[in-house]
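Following this line, the structures themselves.
Two complexes come next, and they have one chain in common, chain A, joined by chain B in the first and chain C in the second.
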Partner chain A sequence: MTITDRRAREEDRPASRLRTGLLAVGTLAVLVPLVFAVLMALKTDRQAASGSGFDLPSPLELGNFRTAWELTDFPRAFAVSLLISVVAVAGQLIVSSLAAYAIARNWDRRLFRWSYFYLLAAMFIPFPVVALPQVKLTSMVGLDNPLGVAVLHILFGISFNILLYTAFLRSIPYELEESARIDGCSTWQTFWKLIFPLLAPMNATVGIFAFLMSWNDFMMPSMIIGDPSMQTIPVVQKIFQLKFSSNYNVAFASYLMAMAPTLLAYLFAQRWVMSGVTRGAIK
Partner chain B sequence: MSAPAITRPGPERAATPPPDPGGPRRRRRGAERTYYLMLIPAVLLFTVFITMTGLVGMFYSFTDYAGFGDWEFVGLSNYTSMLGDSRILESYGFTLWFAVVTTVVVNAVALLLAIGLGGRIRWKTGLRGVYFIPMVISGIVIAYVFNHLFSNAVPALATHLGWEAGQTSLLANESWAWLAVVIVTAWQATPSAMIIYLAGLMAVPKDIYEAAELDGAGPWRRFRSITFPLLIGYVVINTILGFKGFLNAYDIIVGLTGGGPGTATMSVAMTIFGGFEDGEYAFQMANAVVFFLFTAGVSLLQLLFVRNREVNLS
Partner chain C sequence: MRSSTMSRHRPSRRTVLRIGGALAGAAAGGAVLSGYVSSAEGRTRVRFLQNKPEAVPYFRRLVDRFNAAQSEFFVVHDSTPAPLVPQFVRGTPPDLGCYNYNLETSNFLARGALSDLGKLPEASRIDDRIQDLVGQYARYGSETSVLPYSATAAGVIYNKALFEQADVAVPTTWSELLRACRTFRARGIVPIVQTYKDTWTISQGLFDYVTGSALDVTGFFARLKEQGADAGPGAEVSFGAEFRDAAEKMVALGKYTNRDAASRSYYDGNVAFARGQAAMYLQGPWALGEVEKINPELRLGTFAMPATEDPKDVKVRVNLDLALWVPDASRQPEGARAFLRHLMRQHVMDAYNAEFVGWSTTKNAPPVADERVEGLQPYLDSGRFFQGAGTYLPGAIPHDNYLQKLVTGGSAEAFLNRLDEDWARYAQRNL
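The block that comes next holds the complex of A and B.
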């Protein structure tokens, strides 16, 4: 009997079937809110305002998406969110990996060791603690904009990233670097040509977390960005609570559009994302 | 079905930091200048934006600064008036209660799901894929969706079914609105806790279970005597990480209840952010300092607890 046969047989045992069944039913907890959002987004104004919302939309109203697109000025919000995420991801990758490398290779020097614990201390400083003076500071130095939000994301990510990177750097044999140096590489070149590529799996993990954090965040942009027309996708959704609070169908079309980018990225790169976040968990 | 990518621990799996002293090279000269240049951006940014900013904010907590204009020193009066401010005290009460309940709920659900998804089941990749979805969705957006579910859809369904208690919105119920915040937060936070448990389960050798099964141990016994003790370290990680995050509750509350009804679901973060309204800057900065001491204290207590625990286990 091959292993596959045995495995298939075990999957068919009543206990396994029951377990699969329970887990399948459990996915409703995840799927119901999402399906509900889709049903609402496709309804007409009148349908959306009556009943529980779980009834099937008829006729289908696809115009909600266009209305939502215009009301939230989706392209602009999308561009702002994208700018923040790109800068935050690139910044977290570069700043954290450089610092982690310098620390890991100079662990016997007090300054570097202290820097490590100093940067790690940020884990104990949540954003709300420093939010008020940060709002003041960013507006004083002209960073009360998406760029300022990206900088703050880079900072608040440093401690966790450095933890991940230094743990990973330990597993890279020093002999590799030694040979690069014998070939005449400077420290800088060694880092970019040898170490950074070797860090690829951790870069993926750090990048995924940095992207999800910065793309989905509401707290920082809503506090830091002064100009309402420069707000991110999650923040612009609040117009449906304030100005257009009775257009449920349009609001849901907008929520779906807000969820779509990360959801689609996840669906297409599921395996990669899952292995990336698992790597973060194992550390 | 092939083993999904998640079951591969990867060659990089390493023990805990701090990192070791950079291989065999232990020169006693000063470090190369390049290393300083690599470290400086992180330390400098961190110092300017977090350390200095935090200290400046702390400084203002001893003044009557309104967020603009002149200010004077007022000593500790911001701190003492916090003690008499029921709004502040209630926000701490709510935040702590919310964080404790959510930590328990998230860990229980995540552990259950991880055990289910880690076992021999059909459609493993697909089921895992679905359970991971909440992790990639924005907290405030899903809170808006649940807001509508709680305040419109559920009451409409309850009316249809003749279920009296469900006809008023959970979000309008002063004594139970916190439950809605817990539900939505748990919905979103469970996947990341589940990932950690799945990683932990991978490290449990399978033959132990087979041996236990041969010895006649039922599923509950196997969980209690094998799975749980072996996962205790992961429970600790999840509790610490989760609790720390839940203390900062903000996004989901804004989308769900806005702190209401009344101030029933006002978290500490929400009250602090109100510092620019009503010229409460200095007062809310005092609140922020207390909140910092509070979260740092909680984290330290947890770490001490873990340390003692480790001694006991060994």
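The block that comes next holds the complex of A and C.
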């Protein structure tokens, strides 16, 4: 190690300490609630009702997970939630990118321009405002099931997604498409072979938003899904939110189980998630 | 609608066919699934909605027993906490509801969405004074479309050991209550634990108890509704004219509370009371289980809160914890009624109420055996009970927030004025 190296490091020290400190605080902000959840999930009824949240569980109660599993019929609710999320994510990616492509490349035509504003205007209509008509409508066309919820997620996502996609599409040079045309691509092929892969960062952003919205949503499935045995995780978990009695231990066991897949997915896909989020932020 | 959106994107015919096929496939899949459930054992399927979480396992056992005992109907227990309105809007309400009866549920009754059960022999077994509670929120002609199943009576829970230590008897008048509070305070014991952070506890406890014994709440709201849109601060029937005494008493009682009441929640209240930190607690029997979970050794009792100098004025707050109804749109009214009659058998009702500290709603029901609430029995027997004033106020009047302001230093005058103004606004639109 040379002298200059050491000096450079010493000069950096206060700044890097500050940075480490900030990062540590940030880490705590994430870890503390998680620790709380894990500790709570392992407590007995009595300890959960009386002690402070951060006391170590004694005795250890693993039965909470089983109780939560049975109370919520976890595997079924999980499968339904997953189905809705997968369909909603895939649907939003495909439908919104197709629509945005059509709009961005036909910007000179009035119909497309207006349809863009028309679709954007939907951002001002939140779901609760149109909830009851949607309930009636979905039941009339036989969509009062998880599929209907997924379809509604796709539709309600369109306006924001199109905003993101069209902005991004404008930055893709038209010359690329011209070259594809010269090589004999149809519009359909140009989109799938050229544009859609180029949209990858925006796909990640839209996909993440779509997943979070549909996985965590409570209101839409609770109102739209008619068959109680087809309810999603957030809805069946409401059974733990009591007014008069607390069983935090079972509730947190259930929340941990519901969180597990998202955490796992995040651990594996961390890199893409981060890049997707930052791209979305810049646009 | 769908075709016009499609034509804008101009997909090929094959794509349209594919999308259509996918949709049809999904629909068929759903149909097969639901068909599988409904044909369970080839019986008529009856959807029974009951989602009071504590009682879910209890009712699940009842459902299983009913399904095993006969072969005509198959009752499916739905305990999903999904909202009711969409189910009615969709035209697929539950076949039989076993639900908390409150102002919100009474909307279905008021609009005639529930069928008349008055002809059932079970309806005539219900105590008239309890059946009247249903009509106090809403009526639909002369129909009896909601049958009370379990009533919950709430009073002041007290710590017997602390009362004995301080040599305080259960108060029967307002001045005795204040004297008891002063005695406890002098001995360094918090007289009443309050949890103002959870606003519903102020409405349920302080507001409902004091108003219920200080005036005729049932009669007041009947007259108030009759008065219709002429309501307001200066009207003949108004909160300002009739609630003044009660509101001032609430403020007076608010002095004898724990100092940190403003930042305490319902759960904190349970813990503080269970640890013997206060002598009285304004909560219903639902809190007993919580307190017991924390400290099983505590000896508890319940008395009805007095608010005047005449012990005869004392009344008890009740609510219909569970009530049964069959919607008009039910597809299986026969099955629903069959299961309703199964649930309404006397020993089944009594067993439920014994387990969940409730009162059976029938005539000649047995008294409660639980010594923690038996202090309320005389009031139930003599019909001295009311539904809390707070429960008559629709969600559009955020009275529990106003109450929070009142107990944390507001004036009774401003509080009552606010209630009158809000009620006037509500009445002009709805009455």
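Basically, the second predicted complex is superposed on the first by the 237 of 283 C-alpha atoms of A that agree within 3 Å, B and C clash if a C-alpha of one lies under 4 Å from a C-alpha of the other, contacts with A are read in each partner's own complex, and residues count from 1 in each chain.
Here is the rule we go by: a residue touches a chain if its C-beta (ideal position, glycine included) is under 8 Å from a C-beta of that chain, and two chains touch if they have at least 3 such contacts.
Predicted model, so just to flag it, every value in this text is computed and none were measured.
Once both complexes are superposed via chain A, do chain B and chain C end up clashing or fitting?
After superposition on chain A, chain B vs chain C: clash.
For A:Ala99 in the superposed arrangement: first (chain B), second (chain C), both or neither?
So A:Ala99 meets both chain B and chain C here.
For A:Met223, select first, second, both or neither according to whether it touches chain B, chain C, the two together, or no partner.
In the superposition, A:Met223 touches chain B and chain C alike.
Considering only the touch criterion stated at the top, classify A:Ala258 as touching first (chain B), second (chain C), both, or neither.
Once the two structures are laid over each other on A, A:Ala258 reaches chain B alone.
Check the residue A:Ser115 against both partner chains and state whether it touches chain B (first), chain C (second), both, or neither.
both
Considering only the touch criterion stated at the top, classify A:Gln231 as touching first (chain B), second (chain C), both, or neither.
Only chain C is touched by A:Gln231; chain B is not.
After lining up the shared chain so the two structures overlap, which partner does A:Ser139 touch, if you call chain B first and chain C second: first, second, both or neither?
Only chain C; A:Ser139 stays clear of chain B.
One more residue to check, A:Leu152. First (chain B), second (chain C), both or neither?
The answer is first: A:Leu152 touches chain B but not chain C.
Taking the superposition on A as described, I'd like to know which of chain B and chain C A:Ala200 touches: first, second, both or neither.
neither
Could you figure out whether chain B or chain C reaches more residues of chain A?
B
After superposition on the shared chain, which partner residues are touched by A:Gln270: those of chain B (first), chain C (second), both, or neither?
It touches chain B, and chain C stays clear.
Common interface residues of chain A with chain B and chain C?
Residues 98-99, 102, 111, 115, 131-132, 135-136, 223, 235, 240, which sit in both footprints.
Quick check: in the complex, which residue numbers of chain A touch chain C?
Contact set of chain A toward chain C: 45-46, 49-50, 71, 98-99, 102, 111, 115, 131-132, 135-136, 139, 142, 144-145, 147, 222-229, 231, 235-236, 238-240, 242-246.
Hey, which residues of chain A end up touching chain B in the complex?
Those residues of chain A that touch chain B are 7, 10-11, 16-17, 19-20, 22-24, 26-27, 29-31, 33-34, 36-37, 40, 51-54, 95-96, 98-99, 101-109, 111-113, 115-116, 118-119, 122-137, 151-152, 154-155, 158, 162-163, 166-171, 173-174, 177, 186-188, 191, 201-202, 212, 215-219, 223, 233-235, 237, 240-241, 248, 251-252, 255, 258-259, 262-263, 265-266, 270-275, 277-279, 281-283.
Considering only the defined contacts, which chain C positions touch chain A in the complex?
8-9, 26-27, 30, 34, 37, 47, 51, 53-54, 56, 78-83, 85-87, 89-92, 200, 266-267, 270-271, 274, 286-287, 289-290, 293-294
What residues on chain B touch chain A, complex-wise?
Spelled out, the residues of chain B in touch with chain A are 1, 4-6, 8-26, 30-32, 34-36, 38-39, 41-43, 45-46, 49-50, 53-54, 56-57, 60, 67, 113, 116-117, 119-123, 127-142, 144-146, 148-149, 152-154, 156-157, 160, 187, 192, 195-196, 198-199, 244, 247-248, 250-251, 254-255, 268-269, 272-273, 275-276, 281, 284-285, 288-289, 291-292, 295-296, 299.
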